[in-house]
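Take a look at the structures below.
In the two complexes below, chain A is the common chain; its partner is chain B in one and chain C in the other.
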Partner chain A sequence: MSPAKKDPLLEVRDLWVTFETSAGPLEAVRGANLCVYPGQTVAIVGESGSGKSTLAHSVIGLLPGTGKVTSGEIIFEGEDIAHASRKKMVEVRGARIGMVPQDPMSNLDPVWRIGRQVREALEANGIDPSRSTYQHLAEELAVHVADTEDGRLYLSTKGRAALLAEVASQGIDIEKLEEKLIPGFTTRMEATAFLRQAGVTDAENLAETHVTGGNAKDRVTGLLAEAGLPDAARRARQFPHEFSGGMRQRTLIAMGLAARPALLIADEPTSALDVTVQRQILDHLGNLTKGLDTATLLITHDLGLAAERAEHLVVMYRGEVVESGPSLTILKGPRHPYTQRLVAAAPSLSSRRMRANRITTVVENTHDGEQAPSSASSAVVGVSERKAGGGTGGRPKDLLVIDHLTKEFTIRGRTPGRKAATFKAVDDVSFTVPHGTTVALVGESGSGKSTVANIVLRLLEPTAGRVMFDGGDVAHLRGKDLFNFRHRVQPVFQDPYGSLDPMYSIYRTIEEPLRTHKIGTKKEREAKVRELLDHVALPASTMRRFPNELSGGQRQRVAVARALALDPEVVVCDEAVSALDVLVQAQILELLATLQADLGLTYLFITHDLAVVRKVSDWVCVMQTGKLVEQAATEEVFANPKTEYTQALLDAIPGGSLELALSG
Partner chain B sequence: MPSDTTFADKPSLDQSHFCADPEKTKLGAIDELRTEGPISSFWSDAWRALRRRPLFWISVFLIAALTMIALFPGIFTSESPTHCELGRSMDPSTSGHPLGFNRQGCDIWARVIYGARTSMTVGILSALFTALIGATVGQLAGYFGGWLDGILGRIVDIFYAVPIVLASVVVMQVFRDRATALSVVLVISLFAWTPVARVARGAAIEAKASDFVTASKALGLGKYAILLRHILPNSIAPIIVTATTSLGTFIVLEATLSFLGVGLPPSVLSWGHEIANAQVTVKTHISVLLYPAGALALTVLAFILLGDAVRDALDPKSATR
Partner chain C sequence: MARYVGQRLLQMIPVFFGATLLIYALVFAMPGDPIQAMGGERGLPIAMANRIRAEYHLDQPFFVQYWYYIKGVFTLDLGMSFQRRPVFDIIAQVYPTTAKLAVYALAIEGILGVAVGLISGIRRGGIFDTSFLAVSLVVISIPTFVIGFVLQYFIGLKAGILPATATGGASWRALTLPAITLGSVSFAYVLRLTRTSVIETQTADFVRTAMAKGVTRRKVVTGHILRNSLIPVVTFLGGDLGALMGGAIVTEGVFHVNGIGHTLYRAITRGEPTTVVSIVTVLVIVIMIANLLVDLLYAALDPRIRYAK
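This part shows the complex of A and B:
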C-alpha cells in the first residue's frame, strides 16, 4: 500500500462542525483531519456521540437540523465542498459520493417497488440507464463499438433469451450459462468470455449480435444482482416489506453504487443485521468496491470490524481525531489512551472468561454531597446472606432444567374452518443451568432464544415440555408460589431506553419490587435502594434522578439494580449489553461478573454476540431456527465447534481473523 | 507514555501513524454520570418548557381573568343583567353602562359579564367528563385488547359517527325547558368523549408493549396494578392534551345549542342567547351582536392557546418550530 503517489480523493482539513442547541452551541466535530485515497477503505471508529457520523454527513453535505460547518475545508476531487452551493452538492451527491445509510428498515419507501427505487437512484444522477444513444449506435453498426469504460454494453433480457436459444441449438448445455448471464450486469466482453468457456465456437460474433445493451429495467436488475441479491429480476418487482433486513441493505448498497461514485460513505451499514448476514454483506461490499475501485469511508463503533475491513483507521473521541494510522499499526501499538482503552475492551479481541475483580474505578465522580452509600445498614434482607454457592468443588446442582421445551405460535389470519397454521418458535430444547454459573443461549434473530427466556421467566406458557426451577415445574406455579418464584428469578432486558418507566424516578424504579413484595418499612427500603445502587456502582444521588437523565449504560445498571432488589437466585439477561457502546458494554459485563462472585448469582445470558459469550459464560447453547444445535463448555465451543452453524457464527465475529494476524 | 513518542500537530497526507496529544485530549471517565443540575422528571421538564412560552402566559392571564368574572361577576358590574327597561332599548353607552343597551333594554356589559359563568362551567366540566369517560374506555380497550377492545372499539366507532351538533339537538329535547348547565355538559360529554378514547387506547397499547411493563410483570405486579401504576401515568399526557385542545370547541358547542334554542332555557344567561337575540338588530346595531360574540371568541381563543402550549410542552414531537 503506497497511496502517497496519487492525489487524495478526499481530504478533510481542520473541520469544525457546530450544532445550535437550546443550551448553546455544541461542537460535534472539533478540528478533524482525515484523508482518503482513491480506491482506499478508511474507517472512522468511535463511540456514540464521538462525532463520527457527523463528520461523515458533513462530507456529503447532509448535516441534520442545525448542524453547520463552522470552519475548515472538505476537499473532494480537488474542490472544497464544505461551502459549496446547494446545486453543486446535489450534483456531487450520489454521482460522485454515494451513501449507504445505517438503518435498512426506514431507508426504503414502503409504497414503491424495489426496482423503481433503484432506478430513481440512476435517474436522479442523470444516468441514462438504457444508454440509448450508445446502444442505438451499436445496433446500427451491428458490430464494432469499442468496449470502453464509459460505454459498456449490457446484456438485455431479450438478447439473453435469443443468445441462450442459439447456444442451445449448438447442442451445448446452457444451465451454467444461465446463471452467469445476468441482464443489465453482464457486459459484451464478459459474455464473450463466458461463451468461450462454455465451448461456443463463434463466441465473439454471437456476443456482438446479441449483447447490444439492455433497457433501464435490465440495468436495475443488474445492479441488484451485483449487490448480491439472488433472483434479482423477480426481486426488483417486490416491495420493501417482502425483503429481509439483509436484502434491504443489499438494495441500499445497489442504490449507493448505482451511479458509480468515486467515494462511498457506509454509515454503520450492518449494525442492524445478524452477525452472519453482517459478514456476508461486508465481504460483498468489500469485493464490490475493490472491483469498481471505489473508495470507502466506513463508519463503525466496532474496532475489530474496522481494522478488518479498512487499511486506515481514524479514531474519534468527543469530536476530535485522537489517533489515526494504518489499521494493524494501531491495533498492535495504540498510542492514545482512548485507543488503548478501546483495544483492551474490544470483545472480539479478548479471549478469556472474565472473572470478578473488584470494581473500584468504574464511576470516578461519585457525588460527595450525598451520604456515602456503603454505610447503608445491612439489616435489610441482606444481599450478603447468600454468598457464592459454587466453588465448593464438585458439580453444583442444576437450578434450572429446561426439558424438551417446545413453543408454537399461531400465525395470524387463519381462515375459519381450517386448522390454524402454527409456527414452532422453540423446538424440543433441553439444557440445564447449574447453580452459580452462567449459561449463554446464542442465536440470531428468529432463533427462538428470547422465547426460551420468556418461558423461563414465565411470561409465556410452553406448548410442550417444561422448565424446572429448583425442582418444581414453573408452568404449574399459581398464586403465592408464582409470586415467590418472581422473587427468585428476575430479568434484565435489552433496550435500556424501554426497560425503565420514564415516569418513575430511579428510587421508585428500584423500590418497586420491594414495595410489590411488601418487604421492609419505608426506611429499610430506602437503605436497600442505596445498597443496590452501590452494588451497581452508581452514586446514591442517582436516586432522585429520572431515566431520561441517564446514559444507556447507566440505565442498564439501574435495571440490574431493580432485578437484584429481591435477592434473586437467577437473573435472565436478554441481550442485556447488546445496545451499549463497547467500553460501556465491557463495564457492565464486569459488573455482572463481580455481582456473580459476590452474590452467587446464576445467569441465563441470551445474546447474538459470541464475542460477549466468550467473556462471560461457562457453558454455551447455540440455537438455530428454534432448535438447539450445539451445547458445550465455552472453551470447547470456541476451540472446537461441532456444527457448521456455530462455525459460521464464530467466523462472523468481527476482527476474528485479525487475532491470528496479531498473535502470529 | 514513553518519552520518545512525539505528537504530530496534524495527521499528514501520507497517512502515517498520528496520535493527538493526550494532554490536550483528556480522557473522561467511561459513562460519566451527570449529578448536578436540576432534576428533570417528565412533569418538571414539561413545566420548564411551558413557562418559557409567552403564549402560555397570555392564555393563563386570560383564563384567570375569565375565571374571576365567572366566579364573582358582581365585582365587574353593579348592574343586574336581568334589569331591563324597554324604554332604554338600543340606547347607546352612558356612564355606568359602557356598552349600552340591547333591544330589550338590558345592559349589554352586565349580560356579557354574567354570561361567562355558563361558558366556563360547560367548557371545563365537559373537558373533565370527556377525559374521564374517554380515558376509562380507551385505557381498558387498549390494555386488555381482545374481545373487550372489539366491543369498546365498536362503541367508540358508533359514537364517533354521530354528528355531535345534530345528536345534541335531538337529545336536548329530553330536557326542554328544564335544561341546566349540567345537562348541557352531560349531553356534550356523551357524544364528545371518543377522540380521548382513541388517544388513550393508542397510548395504552404503546405502553403495554414496553419492557418496563414486562419487567413489572416479572416482578409479580398484578394486571390492574400495572394498568394504574405504569400504563395510566404514561398515557396521561396525550389525554390531557386532547381534553384541553377540545375545551374551546365545547364552549362553542354550548353557545351553538343555546343559539339554536335547544340549549339552556332563556332564563339562564348564555352568550349563545345573546347572539341569537342580537340577530334581529344586526343590520342597524351590529355592536349588540359583536360584544357577546367577541367575548365568546376571546374565551375560546384563550383555551385554544392553552391547549397548544400544553401540547407542545407535553408532546415535544408535535411541537411547532
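This part shows the complex of A and C:
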C-alpha cells in the first residue's frame, strides 16, 4: 500500500462526551478510542443508547443540544478538531468529512428541490462543478495514470446532445453510448474511451470539442446518477416528498460525497429501508467509497451488516468501546460478554446457524440476562412437545382462512369526471393460519402485507374475497359479533412509540380493553394487569408509569401485554419487532414464543425481515406487489426458494456472505 | 395551480351566499324602525314613510328584498344610503384608507415579528430573547385601545413626533400610530409563533444535514430554518389580514381615521340596513380574497401542499 496509509486519517483518543440533562450530566461517550486509516471502512456497532451516534456526531462537530466533548482528542488529518473553531469546522464539514445520516425521511429539507439541496453541498465547499475532483489520496494516484486537467472536464447536457448527434451522423449506433454518457458525470477521458469502444474514429477530437465542462446543474445530475438514482436530471427538479425512502437515501449519499471528502460517516444509512433496497444501497455505497478511496465510518446496530461491510469493528456498550478488532476475529471469538450476546442474538447470523432447530433459539436466548421470563424453561418443553405432537397428531384446524382476498384503492384522479384509477394493493391472496402456529407474511414495503393484516383485523374492507375466522366470514360481522371478534383477535403494531397513547398510564393502556369489554370488577382487572405485566416480564410497578418513561423494548412488551389482555386466540403482529434493537428484538421474539407455548396462541406475523421469520414461524407466505408469490414451510422456503424474489429477499439478509467465512 | 385556484373560487360561491343571507337576516332582525327614526322625535307622515319603504323595497317579503339586494351586488349597484348617497361611493371613498392601514399594520407586525422572533429563537434564553418575550407579554395583556391612547398621548401630543390623529387625511405618516397600535398585539403573537417554530426547526434532522454539508450557520438559518419556520406564521398572518381588512372600529375611532370600520360603526348606530349589509358584503368578499392569497402563498412556501390537493 502507499506510504500515506501509515498515518491514520482519524484517531479518536480517550474521548468523553457529556450531555447536560435536568437529572445532571449524562456521559454518553466514556473514554472511546478508535482509528480509521485512509480508505478503510470501520464499523461502530452497538444498541441504541450505546453512544455510537454521539461518537460519530462529535467527530463532525455536530453534537445535538447540550452535548459537549469534555476531554480527549479527535485527530483528523493530523489536527485535533475536538475543540476546533466554528470556522474550522465549517471548512472540515462536507469538504473533508461527509455524512450520510440515518433517517432518509427527515434529513432532506421538505421545501427545497432535490437538485438544489445537492447543489448546496457543492457550493458550500467551493467545488468547481465543471471538472471532477478527487480527495487527496486519490489525487496522488490520479497523477500516475496521466490524468490531465482537461481530461477531467465533465460532459455537459448540451455537449452530450451535440456529441451524440455527431456520432450518429457517422452511422454508428448510439444506443449504448446514450446510456454511458451522463452529463456531469462522464469526464472527457472516459468519454474518449467510450467513443473508442463504440468504434468512433476520431474519438479524441470529438471528445475535445464536445466535452468542455458541465455546469452546476449537470454536476448535480451526475452526482445523483453516481449515487444510483435513475432518471437523475428529471428527479433533481422534484421535491423530497415525491421520493421513496431508497431514493432519498441515494440523494443523501450524493450530498455526502459531493465534495469528495476523505472520510464519510454513514450513520445507520439503511436501517429505515427495506432489506432488498438496503442491500442495493450498501453495495452501491461500498463501491463508491472504494472507487473514490474514501474512508468510511459505518454506524450500525446490526452486527452481521457491520461485519460484512467493514474490515474493522468497534463494539460500543453504554458509552464505552468494549471491543475492537478485525471483523472476522471478533465474530469468531467475541471476548467481551456483550459482544458474545450480540453475536448470539444477531438474527442475520444466528438464524443461519440455528437452521435445524428452532428450540435452540429459545434456549440460547434465555441467557440474555435482562429480565428473561421465568417461565422460559417450561416454554422450551412446551414448544418441543408441540413440535413433536405436530408431527404425529395431524394438522390442527385452520383458525384463519384467507380466501382469494383482493383489495383495491382508488388513486386520486387528476381529471374530474373520468373514472378514477384503481390500485390493487392485495391481489387474489389465499392462505390459512392453523390453530396454535405462526404464519409469517413476508415482503417489501408496498407488497400489500400490511393491507392483508388490516383486512384480517377488519380495519379495512376487502374489495373481493373473504377472511374466515373460526368458520365465520369476518366481513359479515356486525354489532355484537364484531365486538366479540375484536375480543378474540388482537394486533401488535410496529412502532412502539406511536402505538401507545402518551397520555395514558401503562395501567390504563392495558386495562382499557378489559374495561371496554366489561370484564371483571375493578379489583379483578387490576389483578389481570399485574398478571399480564408478569407475562411480559415487566415489574408490576410499571403500571404507574407512562410510555415516555419506558424504552422501546419495554413499550413493545406493554403493547404485547395490551394485546393479550382479552386472552385472544389470534395475535396479528405487524412488524412488531422491526423497530427494535437486536437484543431487545431477540427478547420479544422469545417472549412471543413462550406465550405461544403457554397459551396456545396463533400468530400472523407480518415482517420484511426474513431473518426474524426463520426464528419464529412455521409457515411462510411471500408477497410481492400485492400477489402471493410463494408459500411453504419455513425450512422449505429457506432451503429451496422457488421464486427469484424470495431468493433476492434471502440474499438481502445482511451477514449472509459471512457464513462461509465463519464456518471455515 | 390554475386548477387549485379555480377550485377555491368555486368554493367561494356558497360561502358568499351563506354569509350575505345570514347578515341580511341579522340586520333586519335589529330592533327599531329606521324609517321612523329618520323623522326624529315627531316621526314621518305615514304616506311619506310608505313611499320611502317602497323605494327601499322594505315593504316586500324578506326573500324578495334579499333578491333585489343580490341583483344590486352583481350590477355594482349597492343602493342608496339614507343620506341619499350611493353606498358604493361611500365604500369607494373610505375603503382605500382601511386597506392602507391594514397593509401598514400587517407590514409592521409581519416584518418586525418574524425578524425579532427569528433572532429570539436562535439565541434562545439570551438577553434579547428574554426581554422581547417580556415585551410581547405586556403587549398581549394590555387592551388595544389603551395602547392607542398611550401612543397618541405621548408620541402624538407630548412629543409631537407623529400626528396624533388622521383627521387631516390618511397619509402614511398620519397612519403610523394607528398602524403600530393595530399591529402591536399581532406583532407579539407573530414573534412568539416564529420563535417557537424556529426553535423546533433548529433541531430538525435536515438542518443538521445541511450543517454536515459544510454550509455556514448564516446560510442554514436563512435558507433552511427561516423558510420552514414561516409556514405556521403565514397561517396566522393570513387570518390577521382578513381581520385587518375588515376595518378596526376601535383603533379607527381613537385616531379619527375615516375608514370602513368607522363608517360601519356609524351605519350600525344609525340603523341603516342597506349601508350595513353592503359594507359587510364587501368585507366578506375582501376577506375571502385575502384568504385565497394566503393559501397561495402557503403553497408557494410548502411544495407538499401544492401537490396534495
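As a convention for this text, the second predicted complex is superposed on the first by the 590 of 664 C-alpha atoms of A that agree within 3 Å, B and C clash if a C-alpha of one lies under 4 Å from a C-alpha of the other, contacts with A are read in each partner's own complex, and residues count from 1 in each chain.
Note that a residue touches a chain if its C-beta (ideal position, glycine included) is under 8 Å from a C-beta of that chain, and two chains touch if they have at least 3 such contacts.
On a predicted model such as this, the values are computed, not experimentally measured, just so you know.
Participant: Does the chain A-based superposition show chain B and chain C clashing or fitting?
Facilitator: Pair status: fit.
Participant: Which holds for A:A95: it touches chain B only (first), chain C only (second), both, or neither?
Facilitator: In the superposition, A:A95 touches chain C alone.
Participant: Once the two structures are placed together by chain A, how many degrees is the angle at chain A between chain B and chain C, based on Cα centres and rounded to a multiple of 10?
Facilitator: Computed from the C-alpha centres, it is 30 degrees.
Participant: I'd like to know which partner A:N33 touches here: chain B for first, chain C for second, both or neither.
Facilitator: Only chain B is touched by A:N33; chain C is not.
Participant: For A:V584 in the superposed arrangement: first (chain B), second (chain C), both or neither?
Facilitator: first
Participant: With the two structures laid over each other on chain A, which partner does A:D651 touch: chain B (first), chain C (second), both, or neither?
Facilitator: Touch partners of A:D651: none, neither chain B nor chain C.
Participant: Answer with first, second, both or neither: which of chain B and chain C does A:I60 touch in the superposed model?
Facilitator: second
Participant: Once chain A of both complexes is superposed, is A:S541 in touch with chain B (first), chain C (second), both, or neither?
Facilitator: In the superposition, A:S541 contacts chain B only.
Participant: Counting touched residues of chain A, say whether chain B or chain C comes out ahead.
Facilitator: Looking at chain B versus chain C, the one contacting more residues of chain A is B.
Participant: Considering only the touch criterion stated at the top, classify A:E636 as touching first (chain B), second (chain C), both, or neither.
Facilitator: Neither partner.
Participant: Between chain B and chain C, once the two complexes are placed on the common chain, what is the minimum CA to CA distance in Å?
Facilitator: Minimum C-alpha separation, chain B to chain C, in the superposed model is 5 Å.
Participant: Is there a shared patch on chain A that both chain B and chain C touch, and which residues make it up?
Facilitator: Looking at chain A, the two contact sets are disjoint.
Participant: Which residues of chain A touch chain B once you look at their complex with the stated criterion?
Facilitator: Against chain B, the touching part of chain A is residues 3-4, 8, 11, 14, 33-35, 37, 312, 317-318, 320-326, 329-330, 335-339, 341, 361-365, 367, 457, 459, 482-483, 486-487, 489-491, 493-495, 498-503, 505, 512-513, 516-517, 538-539, 541-542, 544-546, 548-551, 553-554, 559, 562, 566, 583-584, 587.
Participant: In the complex of these two chains, what residues of chain A are touching chain C?
Facilitator: 60, 62, 64-65, 86, 90-95, 98-99, 101-103, 106-113, 120-121, 124-125, 239, 241-242, 252, 255-256, 258-259
Participant: Within the complex, which stretch of chain C touches chain A?
Facilitator: Interface residues on chain C, with respect to chain A: 203-206, 208-217, 219, 223-224, 227-228, 301-304, 307.
Participant: With touch defined as at the start, can you tell me which chain B residues reach chain A in the complex?
Facilitator: The contact residues of chain B facing chain A are 1, 5, 10-11, 13-20, 22, 25, 27-35, 39-42, 45, 210-212, 214-221, 225, 230, 233-234.
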